[in-house]
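Just below sit the structures, each encoded as structure tokens.
Look for subunit A in each of the two complexes below; its partner is subunit B in the first and subunit C in the second.
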Partner chain A sequence: MRSRVRAQCSKELLQFRRDRLTLGLAFLLPLLSLLILGFAIRLETKHIPIVVQDLDRSHLSYAFTDRLFATDQFHPSRWRGTDPVAAIDRGSARAAVIIPPDFSRRLKAGKPSSVQVLVDGTDANNARVIRNSFQATTEFFLRDQDLIDATQPVRARIRLWFNPGRKESLYIVPGVYAVVLWIFPSLLAAIAMVREKEKQTILQVYASGIGPGELLLGKGLAYLLVGGAMALVVMGLGSLIFGVGFAGDPTPLLVGTTLYLASAVSFGLLLGARSATQNAAVQGVSLIGFLTALLLSGFIYPVSNIPFPLSLVSAIVPARYFILISRDAYVRGTGWPGVAFDVLVVLVGAVVLFVAARRSLGAMQLDAGAGR
Partner chain B sequence: MPKSSPAESGPEPVAWGGAVARGGAVVLQVQGLRRSYGALEAVRGLDFQVEAGEIFGLIGADGAGKTSSFHILAGLLNPTAGTVRVLGLPPRQARSRVGYLTQTFSLYPDLSVVENLRYVAGLRQVASGDFQERRQRLLPLMGLGPFGDRLAGQLSGGMKQKLALCCALIDRPELLLLDEPTTGVDPVSRREFWDVLAQLASEGVTILVATPYLDEAERCHRIALIHEGRIRRRGTPLALKQSLDLTRLELRCRERIRAEALLEQATARDTIVDVQTFGDRLDVLVSDAERGAQEVRELFERQDLALQDLQVTTPTLENVFVTLLRQEGGQPLPLPFPGGGERQRRDGPAIAARSLSRNFGSFQAVRQVDLEVRYGEIFGLLGANGAGKTTTIKMLCGLLEPSAGQVSLAGETSRLRSRELLGRIGYMSQKFTLYDDLSIRQNLAFYAGVYEIPRALRRQRIDWVLASCGLEGQGDMATGQLPGGWKQRVAFGAAVLHDPEVLFLDEPTSGVDPMARRQFWRLINDFARAGTAILVTTHYLEEAEQCNRLCFLVAGQSVIEGTPTEVKGAQPGRLYELLVPPGSTQRAADLLRGRWPSWRVSIFADRLHLVMEDGDRELGEVRQRLAVAGIPIQALRAIPFSLEDAFIGTVQRAAEAGAVAATSP
Partner chain C sequence: MKPVRLLKGWVRRLLATRFLALLRKEIQQILRDRQLIKLLLIPPTIQLLVYGFALNPDVRFLPLGVVDEVHGASSRELISALTENQVFVDSARPGSERELARKVERGELTAGLVIPPDFRRRIAQGRTAEVQVFIDGVDANSAGIANGYIQQILRRFRPAGSPATPRPPPVTAAVTFLYNPGLRSSWFFVPGVMGLVLTLIASLVSAVALVREKDTGTLEQLLMTPASAWEILLAKIAPLFVLLQVDVALALVLGRTVFGLPFRGQLPLFLLLSGLYVFVGIGIGILLATVCRSQQQVLLTAFFINLPLVQTSGAIAPIESMPAFFRGLSLLNPLRHYITIVRGMQLKGVGLETLWPHALTLAIMAMALMAFSVSRFRSQLS
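Coming up: the complex of A and B.
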């Protein structure tokens, strides 16, 4: 048993090393994905172009405008003419602010004044963000200028826990790890499995009398090692480039990553054993991988927003649990008490997928449909 | 096989199994074996048994059920019915004692020779000490000693198969299952491969081998002919040939076409049974040698035909097949090609090349080749893989610019890719692709459209292809469902739909079984008769007998050219067949290889083939050496060289002279 697993494993590693395609899949593409996903995905909107038509031109109206551009959320867009709405029509601005001529006069007189804000509602999500921003900025402006009573009966004092600076990479990068460490190890394992079938070398393997468990263990172990190396490279460079470090006890991440890789590899072996050609296997693994790890895992869209039947699917996606483990290690730092359950779920996933792969190999024989 | 110098005593004898003598225990027993795939019954009741130390050959058409049977015997597939006992056990339980060489290369191209071997040893749980020891012995035995670190993907076809055999042998199997082990392997490696098999058998390993080559069937102790999932004939090659109870006459004459037509008419009478053109000769099967020869002579005289030569000889295994085929009634009759026939015999060469060369960087793929093919002639371009055949063909049809030399094609010397000229040329390659998901008729209609065949002729020609392939009424079948041999004929039909003047066939029958090949050659012969010039490349040397003229390429150079008869006649020395008691064949071979280079000595089942430069003197030495070793000679006769003998002799002599490299890498 052990010698066969070892023979299988070392053969897989040799083949892996020789093939430039698999080497690329193991190191180059994961890094590329890390950079693309890590830099490209920004949930917070910044540098929104807006135009301001200040008809008052007073100290107060200048102060209000300055306040708008004090953060990097808004960015003044140049415009000419008299109608700021034209800038929205042209698409050069997402919002237009019109400060009325009597703005400072009314304020100084203690009367309310209205500032008109026109927001482009095409992108509903963005429009909401812009609207909230304007409200917050306006409130800040009022408090700054002592225009509202500081002795309101109830005030919410908000403090951000875990990520006080609202550093966005802290949210995105640990999620990227989950996506990358699912897709590429499973792709490699699937290719390793289906290639034997496509090239018919599997006949020789069947004839040798090796058992399905031994074959899968050998292949799985090899790609678990490859996956481990991939994880070191991706997580190491990811932490350096995006400046994320461990927030607490890293052992749950260590254990969780190993189990997560094991389930990714088992998933790949399962699909490899079920597909007839390399093409089918690669497409199956990457499509399912991207759909689940990217969309149903809580990487971008909150898991709680996934509607009912799909939420069941989401509940069995290992990436969903690994994201929790990864975010805990890099952001929350609560350690074992916080994520023991998630680690357990990933372990169960690995076992179930491995058993499924083993079953699909059956008695290591050709089935009725294949061969002549 | 290592090329042992005369001083060495050949490879060390290796003891593999327990039993040394043949003809004892039953190693493989198959009874009523059946296997169906849905409605398709691939194996329909096979019965045979193989004894220890025997080489047993399964010979049959593509789709005859050979591969399914091998899968079952290797424990990879469950039979639908019947019992199989391998070494007294069900096949699955006997897996550890069986070596299986699958039809596809079962190697990992990105692993080295030793790594491949080590992997299989690991799977089969060979102890590491044993592995080292066997590796030290097996690799040199197969001539792979110096190539341990080479990647399997960079080995030649012959070396790949030898490595695959090493892998199958690493666990010391008692039974070897070999499924078409030499398909795509060059003749020299093929012969070496069979020498190793003979040695293994003499050491007690039992071998079951499937092969489409009839000369390989001659090297088996017993063979079984499978057709449509059933065994039709079984016995030793000799017994099968004798069972025909016919004599073969080899005729050589000028007007072959007329003579064949004449003899064809005469087959209605009792004595003459069958006539077939074989390159530059006619084979006539007669029920009685004397009366047959008499009848043929009279016939030639009456019709005023000159008979140059008439030899009385024994039937070949090919004749056995053809007779079987006749009884099955599966042989479509030759039909006239619609809309052809207006071709006249043209003068001048159809294809001509003068000192044709092609270099790829510093590598000379083709050097100074001259050839000329006339209209109505079948010209064979022979050579091992990598000898430059495909490069030559590409230059001849204008796909590749020669580095030096001139080409003339159908009278044109320039603009070989012009549209007008392309319409007069036909090309079919080994990889000729019919669309598997289209029906046969749709495929043919597509090519008819591509070749711009006049609408009026299209239907007739497509019907002609179907009829001459024996596929009448089955035109709507999906092409993918056709077995290889049939597909090849349909592909040929597609390549000649536009009635080309010059036809290039690049390895057209690679991997096609003997019966399909015979039918295929009938088609080719019909076209040649109608005046088409045909250039065919092949590494099947027995097939090259079908060519009117041929040339051998070795490392890009033409080493021999002429008719098959001329080529065989030009071989120096003679070929002898020697019969020694069963069981001492290998010993005798080893002994003689100590004196002569090993390629001059090959084992054909119980007999030895010896190539002797100087018959009388060297035979005396053979007799003396065997007598000293106590091996009696039971029979000794001179036999004619086959084309393969001629090829191997030429290559090996050239290698000995150091002129060209013998085999690839």
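Coming up: the complex of A and C.
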């Protein structure tokens, strides 16, 4: 049995190596994804273009405008005309500030004044952040101008752990590993599986006397090796490019990555055995893969935000647990005590997916037999 | 009687033309292909629903652990001030500072607050009391928001026993949210996903349709007929174009019924511009088909193109937050322009008067892609 698995595995690797374009893409695609996801996904809202319509043009209103642009959060957008909403309509500004003509007069007379802020609500998250910054800015302005009591009865000494500089790449990059190492190994495995069926070579395989379990093990092992090479390249280059190093014991990551790749490959084999054409298989893998690894895994936004029926799906997504392992290895550094449970979940995922693949292959064999 | 016969003859002649014969063949092929119909309906529906529900950037309900060494009215007041807006939830009371630290370290709590024993005394004396806060910084964005939030609350916090009396601030920022007053995040994501789905499906379906003919060798047979390359391609594209417009309608209806997304623009213009974008997608697909030899290669190269298209389009992460390089690059991305159009027409209700630069870019891209891919298609066959 061992030799048959090994033979199947080396045949698979040989076939994989022969197709140059696929081979190239198998390594280029994960790298490209790493670079694009790693560089382009930034959540912190900065450089928001805004327009200011200052109807007061006084010393105080200038001070207020200066205060707005004192940080890199807002930057002035060029704007002409009389209607600041037009700039928001056009998309050249995300917010418009209108300082009323009696702004300084009312303030000097000790009467309250109100600055009107129109915020583009299209991007709800951004809009909320913009509102909060306006409120904070207004308070800073009032303090600067001694218009409110600056004493503060309670102060907080705030420390940000693990990531004091708030480098977003520390959050994104370990998550990218989970996305990339799920999608691509499963994609390759699914194509390898469904190709046999589409080209009818599966009948030859059955005639050769190799059992379905051996076939799956052989194919799985081959793509596990390919996935391992992928992981080395992606994680190695990722650490170099984004300056992300190990924060603690790397062994949970090592074990976790192997198991995670095994579950990704099993998932690919499962979908490959269940779909009829390559197109369907790739659609299935990429759809389910992206939806689970990208959206239901906590890669971008916290998993606690996922609403009820979907949160159940999210609970069985292996990527969710691998992200915890990966973030622990690169950022938190608590090691085995922190992530033993997550490694266990990924292991269970790998076993369940492999057994499911084995079952659907058995069903497929019956189909093929009946068709003869 | 006579005009009817004339019309009949005319229709018969029209149906006898090469183009229509090809078109009929393509339509029959598509109608027989159950897989394709499924592909056009099921993935877009699932994607729209999951993106719309699962992507939620709210920073709320962060678990906060408190070590309260005062157990007095003033410390309780502080805790309730911090948890009032539901950004933080008072979810653990560890016995010691060390236990609190361990919980934050493991990620069980997002933030920890330590209220020292001298808190009450200092407040009563009118001096500044200091509390300690740890925030789990792994998620840099949430940590930043949590940090700003705590500071904002503490600036306004006036405990009951403190001598300072609160006074309403003389300047308030009256914030109005345009287009989406309820700040529903699905209203941002759903139009983005609509563009994303169209890109993925249009490019893949058209590429696979062409490569399959190449794979099975039927393309040569088609080319041996007197039909020109244009006729062959057009006959292939036309039914796909109609089917993809069905996807546009599907997305609009889903957005409306499930997420309550408004549609504030002019519908005919929207369908026209969506049609333009569908052409861009099909053009990408044909281009891929001319480069690749097998379905496997097409499927992988489609990934290669679509991933950067999607990620630099602002469908998920806002464009302003991207580094300058990617912000510049995204201007070359047709999906970015299409998403701007979709959001503009659905939410803002603007028309061509403000969207014309994006529409023009799409038109140019569609024409360039179609012309280029058709000429490549022709040359690779000779």
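Of note:
Here is the rule we use: the second predicted complex is superposed on the first by the 276 of 372 C-alpha atoms of A that agree within 3 Å, B and C clash if a C-alpha of one lies under 4 Å from a C-alpha of the other, contacts with A are read in each partner's own complex, and residues count from 1 in each chain.
Here, a residue touches a chain if its C-beta (ideal position, glycine included) is under 8 Å from a C-beta of that chain, and two chains touch if they have at least 3 such contacts.
Just so you know, these numbers come straight off a predicted model, no measurement behind them.
By the document's definition of touching, of the two partners only subunit C reaches A:33; subunit B does not. Contacts of A:278 after superposition: subunit C is touched, whereas subunit B is not reached. When both complexes are overlaid on chain A, the residue A:331 reaches subunit C alone and has no touch with subunit B. In the superposed model, A:11 lies in contact with subunit B only, and not with subunit C.
Look at A:136: by the touch rule set out above, it reaches subunit C but stays clear of subunit B. Once the two complexes are laid over each other on the shared chain, residue contacts for A:82 go to neither subunit B nor subunit C. Comparing subunit B with subunit C, more residues of subunit A are touched by C. Once both structures are placed on chain A, subunit A residues 19 are touched by subunit B and, in the other complex, by subunit C.
Across the complex, subunit B meets subunit A through its residues 37-38, 42, 63, 65, 67-68, 71, 74-78, 95-96, 98, 100, 102, 104, 106-108, 110-111, 115, 118-125, 151, 167. Across the complex, subunit A meets subunit B through its residues 3-4, 6-8, 10-11, 14-15, 18-19, 199-201, 203-210, 365-366, 368-369, 371-372. If you check the complex, the residues on subunit C that touch subunit A are 35, 39, 43, 46-47, 50-51, 53-58, 60-61, 78, 104-107, 119, 123, 126, 128-145, 147-152, 154-155, 157-159, 162, 164, 167-181, 183-185, 187-188, 204, 208, 292, 295-297, 299-301, 303-304, 307-308, 311-312, 316-318, 320-323, 325-326, 340, 343-344, 347-348, 350, 354. Touching subunit C in their complex are the following residues of subunit A: 19, 21-22, 25-26, 28-29, 32-33, 36-37, 39-49, 64, 85-86, 88-91, 94, 107, 110-129, 131-139, 141-142, 147-149, 151-164, 166-168, 170-171, 187, 191, 195, 276-280, 282-283, 286-287, 291, 295-296, 300-302, 304-307, 310, 314, 324, 327, 331-332, 334, 338.
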